[in-house]
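By letter and in written order, the chains are A, B, C and D; residue numbering begins at 1 in each of them.
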Amino acid sequence: MTATGQFVLTLSCPDRAGIVAAVSNHLAGQGGNILEAQQFGDAETGRFFMRLVFEDTERDLAALEAGFDAFAKQFAMQWTLRDRGQRRRVMLLVSKFDHCLADILYRWRIGELPMDIAGVVANHPRETYRHLDLDGIPFHHLPVDHRSRTDQEAALTRLIDESGTDLVVLARYMQILSNELARKLAGRCINIHHSFLPGFKGARPYHQAHRRGVKLIGATAHFVTAELDEGPIIEQDIERVTHADTPEDLIRIGRDIERRVLARTLRLYLDDRVLLNGAKTVVFHS
Amino acid sequence: MTATGQFVLTLSCPDRAGIVAAVSNHLAGQGGNILEAQQFGDAETGRFFMRLVFEDTERDLAALEAGFDAFAKQFAMQWTLRDRGQRRRVMLLVSKFDHCLADILYRWRIGELPMDIAGVVANHPRETYRHLDLDGIPFHHLPVDHRSRTDQEAALTRLIDESGTDLVVLARYMQILSNELARKLAGRCINIHHSFLPGFKGARPYHQAHRRGVKLIGATAHFVTAELDEGPIIEQDIERVTHADTPEDLIRIGRDIERRVLARTLRLYLDDRVLLNGAKTVVFHS
Amino acid sequence: MTATGQFVLTLSCPDRAGIVAAVSNHLAGQGGNILEAQQFGDAETGRFFMRLVFEDTERDLAALEAGFDAFAKQFAMQWTLRDRGQRRRVMLLVSKFDHCLADILYRWRIGELPMDIAGVVANHPRETYRHLDLDGIPFHHLPVDHRSRTDQEAALTRLIDESGTDLVVLARYMQILSNELARKLAGRCINIHHSFLPGFKGARPYHQAHRRGVKLIGATAHFVTAELDEGPIIEQDIERVTHADTPEDLIRIGRDIERRVLARTLRLYLDDRVLLNGAKTVVFHS
Amino acid sequence: MTATGQFVLTLSCPDRAGIVAAVSNHLAGQGGNILEAQQFGDAETGRFFMRLVFEDTERDLAALEAGFDAFAKQFAMQWTLRDRGQRRRVMLLVSKFDHCLADILYRWRIGELPMDIAGVVANHPRETYRHLDLDGIPFHHLPVDHRSRTDQEAALTRLIDESGTDLVVLARYMQILSNELARKLAGRCINIHHSFLPGFKGARPYHQAHRRGVKLIGATAHFVTAELDEGPIIEQDIERVTHADTPEDLIRIGRDIERRVLARTLRLYLDDRVLLNGAKTVVFHS
């Protein structure tokens, strides 16, 4: 961990007059200097969301948390505070399609994704990924079929817990998590679905898209919930296709969309820009 | 009608070796010079599609049609031949949302859309559109409610027939055609749906999109069929939205998508670039 | 003017610790409730920019300005404060190409652009725009050639001053303002240039683009300065083109880009989201 | 080489009536079945361009070439004929920025880019690329400085010649080829420039873009010519940026644009879809 003296605060609470000023005031009173602040009041739900980046060279995380706790209670705030020098631990789950994994690893190596990799979990053996440099990354082969599902998920859960994983990324994992695991990982498990949701949920979305004759295909990064492909959407993107594109062309074009949508989502998440708002997200872009 | 000496031939038939050469040869043998040719063989259905633009300064449309008929029969072709100087007659159907109508009228006046307007049919009185210049365009007020639907559609059908309408455009018409009328207008009635189909079919798609929390919204131009929002898709486009956009913002942003998707579709159609392929379309872009 | 009780404050000043908190605190101390706040510290120039929307149901604009003045001096702030119910007066300058004008008028009529139109100034007679509804809008025909330029600009300047114009929009005006007038209108005159600046400055950019064989064309909205096509850029967009597109096709495709870029820019400006930062802009998107 | 029985013919010649029919006819007469045909007549230069894919299960490349030669002479055609099973040999030149190289290698391994890699030439030692799997790929370290430029280029030229390289790709090579080498490689050397040409030619384009305050940045793939950044453009793309993006952000965002533009260009080239048209290109998209 590198000491940066920079902290990110995210919070949500019932909306009411004066929150922005009160939070700003509280941080300033503690000696913090606000570098960025973004907020959103959801008129429908009456809920307020905020993200602040501030500098405090005198206090550490524990002291700041202690200072903020009493304040936050007055507003019934749900909040997180993170030292920007503290990297999150990310577990990458992958199937035989490794384009998202390869892309994430490359970006991580050149410094685009400030995180530690807690491990790679694959339902194929390491040999499948021999062209990728996995040096120094814990690799776990957890094969799965319909009989072994429960055991495999128990092993996966242990890995997540024991490795201190903060975020689980389904990087084209192609397996459905049990409701139990989905619930356990609520808000910290991201999936990349290879369609422009809510269109083409479920299996083989590119084949569905081809059959329907759409002129654009897409990909969607969302939080995993117990309901398949219904989790809060974080980021989406599309590419143009034509009648001449076969399902295989859509799969190829789709790979590009999937990896850039997932990479963007990961950067947003790692910078505390993604907040849950019921079945939706608040995403504070820079 | 302006004599251009240019003709557009579109055709589809069972695929087999030699079609491209046979068609090229036939036209050349008749004295035609091919300016553009595009083709597509659908490997799934075994059907072949072609669009040709050619010049023939000696023959007129009737002579060319007579010459092509026997040839086409050998290949069991479905085909159309159009003199490029012959403008199609387009009937525009509109509800109180007139942004697509205003856009089409403007583009038509400055020469972007080579067509004749057979008329405007609205379920609101002419006064509703007083800011639009409808000079010289037949305007028909056909109000509709659940009791008058049958009578209104009978009147509409008469207008379409009597005006020699080639194409009907539902420019945010907001009424569902009867199965009977949809079938009568098969392949010559285009709707603009205000969502990225197949997501958010049916009513109030922007409200559906807002509820789902998508990060992109879209619009879809498609042929009208008896099944609501299931017709062959011709063109789609999207815009990025955020958590801060209200349903009203989506409606506003959507207006821009709708009008450009519909205008592009109309240009494509008027240039004989849109061919039906079962429940899908073949769109030959330039 | 509609009383909304909502105000927009924009400011810039030398960056230093504590500004966000100080401004929030000041407004809250005056009884204001902050609804939106966005800020940006330019690390290169050491300058800080902020936009706040707040509600104050007790004070009016004059009282708020008086209250803010002394505070602002401590930070050497340049600032503006606007009652959101107070519409800006916009003068539209146009040449024979009226697609941007037609688009702006339509959006204005349906309520997309909260402004008053101070007038339309054209170098072609009103008859040129007969298909547009200019009812109730002051129209001024100010023809111009190389001999009359000085007189024409004097007349234009008078119109701007006498009509209480806040913002001048060159909606494809196709005339170059004198340095003197450009300086007078600094920060309140917007031009739409029909290229992706800094590419293709000057005359006939679509012909330049065609000659160079680019695969994308664009449009740029920027503040007008004395240096041609060098003013601070506010917004840009592009469309894909191909080798088959003629200069006339580029002009047609470009019209769509121009009008949407200019409309977006106008909305951003009218909502006080565009701040000048030397030769660049800070644009606070929602 | 895999026998596919499929061939791609590209040609250009002075435009005149009857070319499409004559070519179709010639191929059909030889027993070929046309699968795809695209053509373009450049009205400005009077030059005609065509790309055909056809199937011929009886003749091999040599026989087809012999058969086409006499025919082509009648039309003064420049032409190439390629057996689709015959992969091109591509030499990749790279500097320390290896994101384009990593991307090309990944796509090549999973079968997206049908080519053989003739070698990788780098001005940094192999150790620089240790995270990339270069197994089985000839790697050449050719360091260069201002004194060694001539020698280095002689070595590079030898490598190109001896390896039977068909296409040279400057995958962020960051060195300027001599006029002599540029001329030698005319039409078979592609560069990815990290700006939206013709904006920001030359060095450090992202820093130039940041200074100008543009709202979109881009990348451009073009053929290399003796004039720096002036070669015929093949493909371009852009991403949206904001005032808050630093030059380093632009470099990061730009990496994504560069690699997808270069990958698309490579696919187009490998499928014989890119034809030279003087200082421009004709690109036949599918």
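As a working rule, a contact is a pair of C-beta atoms (placed from the backbone, for glycine too) under 8 Å apart; a residue touches a chain by one contact, two chains touch by 3 or more.
Listed by chain with UniProt protein names: A, B, C, D = Formyltetrahydrofolate deformylase.
Because the structure is predicted, anything quoted here is derived from the model rather than measured.
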{"item": "Maximum centroid distance from chain A, chain identifier (CA atoms)", "value": "B"}
{"item": "Pair with more cross-chain C-beta pairs in contact, given C-D and A-D", "value": "C-D"}
{"item": "Chain C and chain D, separation of their C-alpha mean positions in angstrom", "value": "41"}
{"item": "For chain A paired with chain D, centre-to-centre distance based on mean C-alpha positions, whole Å", "value": "37"}
{"item": "Multi-partner residues of chain C (at least 2 other chains)", "value": "242, 244"}
{"item": "Residues of chain A touching chain B in the complex", "value": "40, 42-43, 196-200, 212-216, 218, 232-238, 242-244, 246, 277, 279-283, 285"}
{"item": "Footprint of chain D on chain A - complex, ascending", "value": "99, 102, 106, 109-110, 112, 130-133, 242, 244-245, 252, 256, 260, 286"}
{"item": "Chain D-touching residues of chain B, taken from the complex the two chains share", "value": "17-18, 20-22, 24-25, 27-28, 33-39, 41, 55"}
